[in-house]
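The following pair of complexes shares a single chain, chain A, combined with chain B in the former and chain C in the latter.
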Partner chain A sequence: MLPLLFVVIPLGAALVIFLLSRVWERAGDLFANLATLSLFVISLTLVGPILRGDTFAYNLGATSPLGIHFTIDGLSLLMLITINLLCFMSSLYSVNYMERYTAKPRYYILLMLMIMGMNVVVLGADLVNLYIGVEIAAIACYALIAFGVEHEYLEASFKYQIMGTVATLCILLGIALIYRTAGTLNIVELYDAVAAAGGMGNPILVFSSVLFLGGFGLKAAYIPFHAWLPDAHSTAPTPVSAILSGVFIKVVGLYCMIKVFFSIIGLTPAFSMVLMVLGAISIIVAVLLALAQWDSKRLLAYSSIEQMGFILLGIGIGTPLGILGALFHLINHATFKSLLFLDAGSVETATGTRDLKELGGLNQRMPVTGVTTAIASFSISGFPPFNGFWSKLIIIIALVQAIGIGYPGFAPAYITFAVIALVGSILTMAVFLKLERHIFFGSLPEKLAKVREVPWLMCAPMIILAAVCIGVGIAFPWVIGNLLDPAVGVLSVFGLGG
Partner chain B sequence: MIATYTLCAILFLVGLYGVVRRKNLIKVIIGIAIMVQSVGLVFVVLGYSEGGVGGISQTMGLVALIGGLAVMTLMIATSIRLHQKYGTSDISEIRRLKG
Partner chain C sequence: MSLSPGILLITIFLPMAAGLLCLLVPDRVRWGRESIAVATTLAVFVIAILIFIAPELRFQTGEIGLGIRYLDLYSYSFSSFLLMFSSLFGLLISLFSIRYMQGRGRLREYYFYLLLTLGATNGAFLSDNLILFLAFWGIVMVTLFLLTTIGSRDASPERVFDAGHKSLMIIGGADMALLLGIGLLWYLSGTFTMSAITPQSGGMATAAFVLIMLGAISKAGAMPLHSWIPNMAEAAPTSVMAFLPGSLDKLLGIYLLSRMVLNFYEFSPGCPMSLLLMIIGAVTIIAAVMMAMVQHDMRKLLSFHAVSQAGYMVLGIGTGTPIGVAGGIFHMLNNSIFKSGLFLSGGSVEHGTGENDLGKLGGLAKAMPITFIACLICALSISGVPPFNGFFSKWMVYQGILEAGASQFWIFLIAAMFGSALTLASFVKLIHSTFLGQKPRELEGVKESGISMTIPLIVLAALCVVFGVFAQLPITQFIAPVVGPVTVSGVWSPTLATVLLLVALAIGLIIYFIGKIRVTREVPMYIGGETLDPVETSVPGTRFYDTIRFMGVFSGLYRRGEEAVFDIYSYGKYVLPVTRVLSVLHNGRLTTYVSWCLWGLIILFLILVGVG
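Let's look at the complex of A and B:
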């Protein structure tokens, strides 16, 4: 029953908000936060059982291929905790932030549907559920991006609708081809069925994996496929941007990609190389593009592409240490990038602008926002002891270690990628120095002299996320032992040396 | 059998051409519609080749069509709003976001 709760609670909350909002305007504030909080608490209670080696499974309907299968293992639990923590923070932030838009209950309904879609992706044990989850989350997300119904919102949303639909159609075609060849869609059965059908010797399977790479690559916004991300993430309402950059692109893009390339097809040298090259290109190109931005949320959006590059680089190595670094960076990026988006939203709320050239000296006027942004900037630039330092360090160590134990003949590539990762982290520091310098330091412009700190309900999620950044950084052995090791165990059997 | 798959591939590419090359909002959406139908057709062919009604391909075909329908409804609604705001259906003139 337990896995079903992650679908039923947000869906039920959406219904309750829809019904009650007609008689009570603030029903959304209460029920959305209750739902996300309870989801987060439920996901935390599962840490102990998963660590003991239990798995949770639930079959809705028949056990035939037509039933709906949900499972929770170490990897999906890690994603569930991340999703539901960030969604709780965002819905808490929305209470005051979304006052500027009309039809707030509808916003909460769409948000609940998006959370439900992401949970279905993570829980789903076959490709049909995966696809349905991706589609639900994506449709809710298109509507949320367009929520402001002004020129920019509509344009960004339409761009993403076109690209996202082409991506989901590629994924669907890939699923059709894999079903034709292997005869099943259950992820556990697919691994053997794909191997029996000839694996990468079978041209149809090669074609379907290329379709998956394109489809999920578009969803995860790696560099040749990134055109929609800066528009969508910078124009969406801030709590939605935080969810989009923090978990959405990871769940519907990266997590699905990992599922397909590890648990279904199995990592081959060719895919390992493709993933690492995509990651390295994303790191270098996106960080340079981020440096050139003067809109704070746009800068953060480009920086998201760069950090996703780090995660893909780690996953592509395929060694247990590489996967550990990638998954660790995934949860770290989720916390500090959402925090940065919430901070940018607070600055926008207080001053009415996102243009870095018009801001400055806000540290005196907005202490909470200033301090939390500084913590997040330290984390993302990789200063010890903040959490971003450890995960980047693990990824670089894994690259160096792979020279010895990785695929033979890849040694020059591993060295190149390690250098790119180092250069990328240094350039990240430059990006965030620019952000800090132009928003929080320097002289305070005349017209900002009366700026005041945002309400406490917007400060609270920022403080909690900053505490998570520091806490995970200091207690990283505990996080690795209790949360990450079970997740790495799920993947490393399919990776290099498994 | 090969002929039907070729038809699906041609339809998919025709749709993709419409999405990539056309400048009119509505024509782009029609391109998407053609792509959705081509994927639906793939599932129809899959179900047929199993010798009878295939459970999964039937489900997936329906899911593909319903998903496509939902997305297209949203797209058409967005395109109406876009036309109201920008006063044009030409994609190359709807360009406020850049950088």
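Let's look at the complex of A and C:
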């Protein structure tokens, strides 16, 4: 029954908010935060059992593909903890931030549905459940992006809806083709069934894998499937942007793709190379685009695409170390990128603008936002002792290690990708120094002289996330041992040398 | 007496913890942060001496995979002597900062970063694991940036940030190279444990060497990765300049380079990598000193010398001969002493006068005698004048070049010696325009800085003298255990030479005074029927070397230098057109975006079908 809690709690909260908000304005603030906090706490309590080797399963109704099948293993637990931590931070931040919009209860209801969708994705033990989760989350997300109902919100949402529909089409067709060929949709059974159907020798499976690459690629927003992201992530309400960039694209995009390419099809040299090339392209192109931005949230959105590239690169290596680096970078990016979005939101709340050219010198006026942004910027730039340093380091070391233990003949490629990743890191530094320079350093413009720090309820999540960035950076062996190793164990059996 | 290995932790984490404490001390506690900083650094210095005296110590925690340990600290001859000096510099700088930084904003952060830097530097010296080393090394880079952002009194916030930006981009970029180099080194040797790595050879090892070298010279500030230092000099507090680019960064960078040459790479005199290092060293010496000669700002002049001196270290280590490497390491030590001494003298002058422009200073010798003498001693040391320490280490570097074998190496020798002469020339300018000549009226009433600022100056100047006169002492105690026994050829006995020099000086003084009694008389200047004010007719030192600046061959080079053609950082702007092209491609039209997706799908399909 335990896995079901991750679905029932947000759904229940949505219902309660819907009912109570008519009589009590602040019901949303209370119940949304209660729900996300309890989800986070529950996910933390599972760390011990998972480490001992337990798995949790829940089945309802008929066998696959008809019933509901949930499991929690090391990988899904890692994702659950990340999702629910960030959603808790965002809902905390929303209490003050969302005052500017009307219909706050509706916002919370949509947020709860999105959280539920993401939880379903990581719990789903068969492809249909996975797909349903992706769709619930995506539909809630369309509405949340359009929440401001002015033309730029609607345009961003519209673009995402069109491209999201293309993605859905690809994914659904891919699933259908797999079902036709392998005869099952249960992820555990699929690995053998796909192998029996000829694996990559079967042109239908090749076609469906391309559809997955495109469909989940659109959701994960790597290049060239990225174009919806900058609009959507920069116009959405800030707490939603934080979730979108922090976990949403990873859960409905990358996680699903990892599931498909590791647990179902199994990593082949061709896929390994394709993933690494896509990752490398995303790193370089997106970081250059980020460098050109003058809107703080757009800059962050492009930087998210770049960081997805790092994760993809690590996954593509396929060695246990590469997967470790990728998953570590995934959770690290979740923390520092949502922190950066929350910071950008605070600056916007305090000053009314996101235009870097109009800002400056805010360190004096907004110390909490300034310090937390600096910490997040150092993390994303990969400076020690912050968390981003370790995950980038592991990815580079994994690339070097792969020269020896990777696919034969790939050695020059591994070196090239390592160099690309490092050049990308240097440019990332430049991007975030630009952000710091124009918002927090430099001289304070006259009209911002009276700016005040945001209320404490908005500061609290920023401080917590900054503490996580430092804490994970310093206690990284603990994080690797307790959270990441079980998750890597789930995947590495399907990876290179598994 | 035997020490527990756990004592190594204190040198790293005590300063860090004290730094955090400084953050918490409220502003109303007078001298609270200052006392914490001084007391902590003093304690760390004492402990570092104990560690230096004690035999080798090793502190390890359990392994966490790939042979990496969370903490793997190892003190042996090299690391413990560096530890001692980094802690000494920490102590002197904290002492100096009490008055120098007084009354500025962000003091809380200043002491936090200062102590964090010290802890991380000690950590880098003690780590016996490349990954741990890299982490501590990186923390020093971050604190360097943060300390820069505190800013000097006269720089605008934009300028301060841009200087920090530049240092972070250059050092950070080089750190990425270092990271890859460490990865390759690990791939070749199979271990991250520094004391277990055997010298490597071959193509990949050479690549690793170059990559790690980039990291090392960016920190030490040798060309072509030097350009952050001059910019930072104008923007950062002078005490920060003395602490990081002046001393700790040099120690760190040269430490890494020496480890590479001594332990990690099959390095022999005359090998291509040796030649590379020697060229970098020689070019750095000459080019930077030429720039130093024409500077007007005291701090900028000193910063170009910080670059130029790094050239000697790289050159010495690049020879690959024991005496050359020993000379390079000894010069690193000496340079940290006299260069921080010079920066602190500059800081003391700035504190007393509020001025850094050489054109507006002058005649301060009488008003600031201690600063003057300390600055003079350090200036003579850096110029390689016997009997001070700089002479001795440069001498060893020269000898290393000669022993390196190839006959065409005379060119490096000439570069090094010529560089020394030019250094002296530029310090004549500095000393003249700051302490000698006529005192401008604005500087009447300038007084010597307080005792907390003069003590560090006295200590550093005294070290310059002691390490010069008794040069055997540091060489046998610090350097020989690292590179093996060093024999200095020639009949140079520092102590004897000093006695002879002192006798010569005494005789010279006697002759001077006898002469003065007889001939000199001072009269008012009287030209064309008017009595001239001596202040108005003073000879400023700032234009001493303008002849060189406008000489045919050099004028072009200087112009390019000012246009930052030799500054690797300035090439960053060429990224911008690329970003613009990419931005234009994102035209906001949905059809464009959807067509990208379709093309992406088609290409992926073709590739995967083709491969399958």
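The working rule: the second predicted complex is superposed on the first by the 494 of 498 C-alpha atoms of A that agree within 3 Å, B and C clash if a C-alpha of one lies under 4 Å from a C-alpha of the other, contacts with A are read in each partner's own complex, and residues count from 1 in each chain.
The rule is short, and it goes like this: contacts are C-beta pairs under 8 Å (C-beta built on N, C-alpha and C of every residue); 3 or more make two chains touch, one makes a residue touch a chain.
Keep in mind it's a predicted model, so treat the numbers as computed, not measured.
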Combined model on chain A where chain B meets chain C, clash or fit: fit
Touched partner set for A:Glu150, first chain B, second chain C, both or neither: first
First, second, both or neither for A:Val188, with chain B first and chain C second: neither
For chain A as apex, the angle formed with chain B and chain C - C-alpha centres, to the nearest 10 degrees: 140
Partner chain in contact with A:Ile162 - chain B first, chain C second, else both or neither: both
Touching partner for A:Val128 - first (chain B), second (chain C), both, neither: first
First, second, both or neither for A:Ala460, with chain B first and chain C second: neither
Partner touching more residues of chain A, whether chain B or chain C: C
First (chain B), second (chain C), both or neither touched by A:Leu173: first
Partner chain in contact with A:Ile139 - chain B first, chain C second, else both or neither: first
First, second, both or neither for A:Gly442, with chain B first and chain C second: second
Chain B versus chain C as contact partner of A:Leu37, first or second or both or neither: neither
Minimal inter-chain CA distance - chain C and chain B, angstrom: 5
Footprint overlap on chain A, comparing chain B with chain C: 158, 162, 166, 230-231, 292
Chain A to chain B touching residues, read off their complex: 64-66, 128, 131-132, 135, 138-139, 142-143, 146, 149-152, 154-158, 161-162, 165-166, 168-169, 172-173, 175-176, 179-180, 185, 230-231, 234-235, 292-293, 295, 298
Contacting residues of chain C [partner chain A, same complex]: 64-66, 70, 131, 134-136, 138-139, 141-142, 149, 156-158, 160-162, 165, 168-169, 172-173, 176-177, 179-180, 183-184, 186-187, 572, 575-576, 578-580, 582-583, 586, 588, 590, 592-594, 596-597, 599-601, 604-605, 607-609, 611-612
Partner chain A, residues of chain B touching it in the complex: 12, 16, 19, 25, 28, 32, 35-36, 39, 42-43, 46, 49, 55-57, 59-60, 63-64, 67-68, 70-71, 74-75, 78-79, 81-82, 85-86, 94-97, 99
Residue numbers on chain A that touch chain C, as the complex places them: 158-159, 162-163, 166, 170, 200-201, 203, 206-207, 209-211, 213-214, 217-218, 224-225, 227-228, 230-231, 270-271, 274, 285, 288-289, 291-292, 321, 361, 378, 381, 383-385, 389, 393, 396-397, 399-401, 403-404, 418-419, 422-423, 425-427, 429-430, 433, 436-437, 441-443, 477, 480-481
